[in-house]
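Just so it is clear, A, B, C and D label the chains in written order, and each chain counts residues from 1 on its own.
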Amino acid sequence: MSLDEILFALLAGTSLVTAVLALLAREIVHTIMWIAILFVSLGLIYFLLEAPFLGVLQLAVYAGAVTILLLFAIMVVKKRIFSREAVTGIGITSVLLSVATALLLAGNALSLPYNAAGRTYPTPILSQSLFLDFGAWVIILGFVVLSALVGAVYLAKESRGRPIRAEGE
Amino acid sequence: MSFDIPSIAQYTPEATVFIGVILVFMLDVAGIRSRAIIGGATSIFLLLAFLQVLADLGSWPLQGLSTLPAGLLGTQNGPVIFTNFGLIFQGIFLLSALLVALASVSEADGEEVPTFYALLSLAALGMLFVAISADLIFLLLSVEITGIATYVMVGYTRKDRRAVEAAMKFYIIGALSTAISFFGASLLYGAYGTTSLTAFRALPANSSLALVGFGMVAVGLGFKATLVPFHMWAVDVYDGAPASVSAFLAAGSKKMGLFGIFIVFVAAVRIFASAQGFALYLALGALAVITMTVGNVMALEQTTMKRMLAYSSIAQAGYMLLGIAIDTPAALAGATLQITADVLMKAGAFIVVGAAVGLGVGPLITDWRGVGHSRPGIGASFAIMLLSLAGMPLTLGFVGKFYLFFAAVEAGGYFTLLAIAGLLNSALSVFYYARILRYMYMPESTGSATAGAHPLSHSSLGVGNAPAAPAWGSVRDEIRGTGSARWATVVGIALLLLVLGIYPTPLIGAMNSAAQQFLTLGL
Amino acid sequence: MVDYFWYAFLVPLSTAIGFVVLGLGGTFFKKGGGFIAVIAEGAALVFGVFFAYQESLSSTLYHDTSFVWFALPDGTSFVMGTLVSPLGALMLLVVNIVGFLVVLYSMEYMAHEEGLPRYFAEMMLFLTAMNGLVLADNYLEFILMWELVGLCSYLLIGFFWKKPEAASAAKKAFLVTRVGDVLLFVGVFIFFTSLGGIVNPSITTSPYPGQVCSSAGINWACAGFTFAPPNADSNVVFLSANSVASVTAQDPNLMTLAGLLILGGAAGKSAQFPLHTWLPDAMEGPTTVSALIHAATMVAAGVFLLAITSIYIGFTPTAALVVLAIGGFTSLFAGTMGLVARDIKRVIAYSTMSQLGYMVMAVGAASLVAIGPGAAMFHLFTHAFFKALLFLSAGSIIHALGTQDLFAMGGLLRKMPVTGYTMLIGALALSGIPPFSGFFSKDGLLSLTWTAAQHYPGALVFFLMALVGVLLTALYIFRLWFLAFSGTEARESSAHPAHEPSWVMRAPLVTLAGLTLVAGFLPLLSGFSHLLPGVQWGAFGYASSGSGFTFSQTDLFLGLASLGLALTGLLTAYALWGNGRVFRLADESPLKGLHTVLVRKYYFDEAYDGLAHGGVLGIARAFDWFDRYVIDGTVHAFEDLFRIASERGRRIQTGLVSSYVSWVVFGLIVLVFFFLYALPYLTSAWGGG
Amino acid sequence: MIPLDELVLFSGLLFSLGIFGVLTRRNFIMLLISIEIMMNSAILNFIAFAAYSPAGNSLLEVSGQGIAVVLIGLAATEVALGLAIVLALNRIIGSVDVADAMQLKL
């Protein structure tokens, strides 16, 4: 077992454990903390996979921005930041469905056809190709961000007037 | 892919739509909230883009105005490819957006107007990119443009609890499907080392990765196309969203999902047809039959118009999926025809339902009692749409269904069973469409007033009624109630359904050649 | 080939214009735009007669396929063609003559109804579809028009939509004929898949060994089967030589099945035995609608369908025999029901079913002996006139009295002589008394069936049934006539004094009566006989075979037997419901024996009631039970099944987004499982490629 | 170097955990988090396959990482929009629990 593999086993273990803890936590702020750790360990795995740019991006965007965004949202919508809530939906159906998904994907992963040697890509090539070879994706992503921006600004804005109650209420 | 000026010319429709978006932003900044101005401007830009697509397709009389460079059709250029099939779908998508933009001009002015039209144009833009994509990631990202725009559109009446609830449900299922389909895409990338759809077609299915990948991408796109069992959001969302947005979802966004399934699975079908034979057809066919059956059966007992239309829309998706499940040029052309018909029918039906409040009609199906008599223009148009949905002859709905089922029979063998299932389903669907027609034209409750009279109502009773007053008065009321733009859109759609239903030859010709090219030439 | 046949589309176009004008602006015209309907249908009549006349002069078919409706990628195209054929030309005459008279009659009859523009618009649409149907050149076009005709029938039966009976009758008609339509679709699909795309125009000789082909157009089976010329574009043309050639290469069982399925479609529209139940209820529609649609034209479309398909059916004697059997049985069965009805329109409706049964039987017989279906078409032709006449006369009575109950009528002859005598002509023609047209046509088809029964003894039973039907026909129609017209005054006081209608209603009656008188002799014209391929001039033993007349004792005997039965029926009716002297009132003095008639009438009424309860009504009840519990029950069972499924399904839609997520994940798992494990398994089970 | 099958197994498990979260939690923000976990597993897959992709032209080789960059952007965008929807929902029904938003049914 190489150092890479040991590190990966550690990080993957951390990720899975923190994911489980995050999903089972009754305190939503705890979930955010667990999820931050999950994102960090994923970012570290990207470094192991010789994708340092993505590792940094993961740390910046996920562990940084998204986590803060989520915390911020909780602060806005909850009167108290710490408020316990019940994990209500753990029934036999949901457990069965997720276990079945896990089994299918695991079975699939264990029957991979090839396991070629890894290769590395320097960050300059990646950044170059992002604007030349994959320019279309970035442009499309721009449109996605634009529509999300328009929509998010609109939805988050306080609207004038009282809420409309639907009939039947 | 590099963007030199000559190559930008091929994106004229997309650029036109995007200029419309920028114009809407500028009007917003200028403080203009009038639907007539903003909606009108958006409609004009969508119309220009639509005409440009028609010109690119070489339709009469615009054939000289194509901006596509010669030799571009059918050759892949990075993540995009221009095909006649894709261009036809660009036209279909722009048509659905255009109809919704026109019809919503009649709604009330308000602060949400610029956002609504900007998002409508952005959603149309996303769909335009879907229609030219030759790359799975490009495709899924484009789907996401439309997805994100429509999540917000569903909740754009943000004071309406039902609309926001619908937006929330739509968003959750949508984001989940996005995650699933990108996971699937990652597996496909792992299997092939590329995400190019044309490359998928060229390579053999060498691993279970590809199988799982195709399955997961199908889930993500099947969500947009409202295939069973990924359809459940649709009913709630169509119900809760403003009717014009429901019209756009049913007419545009759903077709985008179907188109995505077509172009992804035409690769899968080709790969597996050699390796796996018949079984993939079985899966797709079963999905189609289940979808149409669930949709039709569930529509039977609905009490509100919007939910009924939502289920009927789900059922229609099943018919259209037959196009790829049969996988012959005729079937694909039939599905395209059915999609075109459905854009008109579903957009029209939801627009009519949106106008119901202005007409003094409630949300229940029973509220439509006697509307055929009191609102002649809207009533007749709605009746034509329902007849077309039911697949009655002389409407475009019939042509599409007939063509599709005929293609199934022609494909023979197992596919004949699909045609029979489709026929049975159409027969079943007639029940609930006829129910609405009956309410609209034969309000039985009024029968009790004369039920005691002698069956021979005429001379023996001496109640010779004068012929009803000329109908123009009620038509004028009707236009005032619905708004002239919406009224004109609805009547226009109905006329289009009839005209194309009686003389569909040009439409069919274009779709035949496009489908043939799509299946033989490449994507 | 004459060029002006290209303009045959003008016939449906005239009424189509009428439909558009009335449909869009009917409310702007006085009296619902009746005069526009008359003008439009008048134009259609002029064109229709012109084209029929031209067709009778020329001995060729006209077939135009220039209008391609749409094309499939593999080159198959669907053509909305025009086919002017002998049978179609005959139908053009029937549809437009009766149509014109009925529309004219409607102007007064319907004048006081609400929704008159709707009525005329729907009548125009019906006539458009019917004219389109008879000019259709392939099954697809035929089915389109057939469906449109059915839709108009539905709308017109439910014209008095405020009446619950009318609404439910319309629904019943729609559902029952739909069953037939589905059978027809499947039959046509079989034809299409097994006959489509085979082009071999060189075969024009008779496929029947030993058949001598004399002159084209008379012995239709020998005319090279070029009822429709071969057409490479439109694969489902009627009866082209290439199709027939390929029939012989087909699986006979499949062809039998297809023939029976087509019969199912025809039985639905023509109200034949298992699918007959809608027609009596359809009498809830206006009487004019009954006269045009449910007596003369639409119900005849089923017979027309069988006639144009008869050559296919002829290849499978089983199917032909079933056609014959269904027709023969219905002719008797409907007659018995006609005997017990009280409603004047229902009596005529049962009589329509019975007469259609004769026609269907004749098509079956013609298929069996491999000659053209002219005998059936001839009866269709004559029947259209006298049945429309009977309906319009009945309408005249209803218009005057405001009741449809036969037992509330009586003694009308004095007050409504024109109606009475024209209806008498209709009744005589229906019973088959010479020289009225019904005699000749019925005699022709009976002799044809007798010929068929010589070759296929199984048909004899149905021939005898049909023969008994002749007796019943005379019995019920004269019961009707005597009850309505004989005597001197009504049995119940009517709210309205009976009166003769105005000329607008009388003119159609007189015209139809005139046509009823002359129609029987028309086949003597050589041109007209061209329109009736394979018809036998069966009167008193003389059979025309194109070139001349031959005498046969069998035909003489059959003619006499049928005449004798008809007279027996008439006299029985007279003995039961009329009085000898009262009947003579019509000829001599109308003043005798009123009291006796009344007493006798009541007496026979009760005797008849007892008899009916014991016998005929029992059978009728059995069929009613079958209709109500088996047919309706099946329909309701399906309805309930779907309703329950739908209700259950609604419970899954909980509104909780998490449950929707579960379904998505469930779908994902099923799909992935299928792709991963089931797909390879199925592939290995079925083999790849 | 980490074996590919372990990576794919890991991402599959992460994906299933995400699905578990979506199925069980009722809090909208929790649903967002679960979906983010699923997106992350997809991103991880792309990076992993990029590291192991079979030899081909250079454009295809790096595309996995390129896609991953785009996907990170997409996922962040989705979260931002989702939070806007949370705010709108919270403003109207005063809760972020999806079980409180069940007016649309049957």
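In this text, contacts are C-beta pairs under 8 Å (C-beta built on N, C-alpha and C of every residue); 3 or more make two chains touch, one makes a residue touch a chain.
Keep in mind the model is a prediction, meaning the values are calculated, not measured.
When the partners of chain A are compared with those of chain C, the chains appearing in both lists are B, D. Set side by side, A-B and B-D show the greater C-beta contact count at B-D. If each chain is reduced to the centroid of its CA atoms, chain A and chain B end up 33 Å from each other.
Centre-to-centre spacing of chain B and chain D amounts to 28 Å, using the average Cα coordinate of each chain.
Averaging Cα coordinates per chain places chain B and chain C 42 Å apart.
Computed from the mean C-alpha positions, the centre of chain A lies at a distance of 5 Å from the centre of chain D.
Each of residues 137, 141, 144, 148, 151-152, 155, 158-159, 161-162, 167-169, 172, 176, 180, 187, 208, 212, 235-236 in chain B touches at least two other chains. The multi-chain contact residues of chain C, meaning those touching 2 or more other chains, are 650, 653, 655, 657-658, 661-662, 665-666, 668, 672, 676. Within chain D, residues 8, 15, 18-19, 22-24, 26, 32, 43, 48, 52-54, 61, 63, 67, 70, 74, 77-78, 81, 85, 88, 91-92, 98-99, 101-106 each touch two or more of the remaining chains.
Viewed as a network of touching protein chains, the structure reduces to a complete graph with every chain in contact with every other.
The touching residues of chain A, when paired with chain D in their complex, are 2, 4-5, 8, 12, 15-16, 19-20, 22-23, 28, 31-32, 35, 38-39, 42, 45-46, 48-51, 53-54, 57-58, 61-62, 65-66, 69-70, 72-74, 76-78, 85, 87-90, 93-95, 97-99, 101-102, 105-106, 108-110, 112, 114-121, 125-126, 129-130, 133-134, 137-138, 141, 144-145, 148, 151-156, 158, 163, 166, 168-169. By the touch criterion stated above, chain C contacts chain B in their complex at residues 27-28, 30-32, 68-74, 76, 110-117, 144, 147-148, 151, 158, 160-165, 167, 178, 182, 185, 189, 192-193, 284, 398-399, 402-404, 495-496, 639, 642-643, 645-647, 649-650, 652-653, 655, 657, 659-661, 663-664, 666-668, 671-672, 674-676, 678-680, 682-683, 686-689. Interface residues of chain D facing chain A in the complex, by the touch rule stated above, are 1-10, 12-21, 23-27, 29-30, 32-34, 36-37, 40, 43-44, 47-48, 50-54, 58-59, 61-63, 65-70, 72-81, 83-88, 90-92, 96-97, 99, 103. Within the complex formed with chain D, the chain B residues making contact are 137, 141, 144, 148, 151-152, 155, 158-159, 161-162, 164-169, 171-172, 175-176, 178-180, 182-183, 185-187, 189-190, 193-195, 235-237, 239-240, 307. On chain B, the positions that touch chain C within their shared complex are 168-169, 172-173, 176-177, 180, 208, 211-212, 214-216, 218-219, 222-223, 228-230, 232-233, 235-236, 272-280, 282-283, 294, 297-301, 328-330, 333, 392-394, 399, 403, 406-407, 409-410, 423, 427-428, 431, 441-442, 444, 446-447, 449-451, 454-460, 463-465, 467-471, 503-505, 508-509, 512-513, 515-516.
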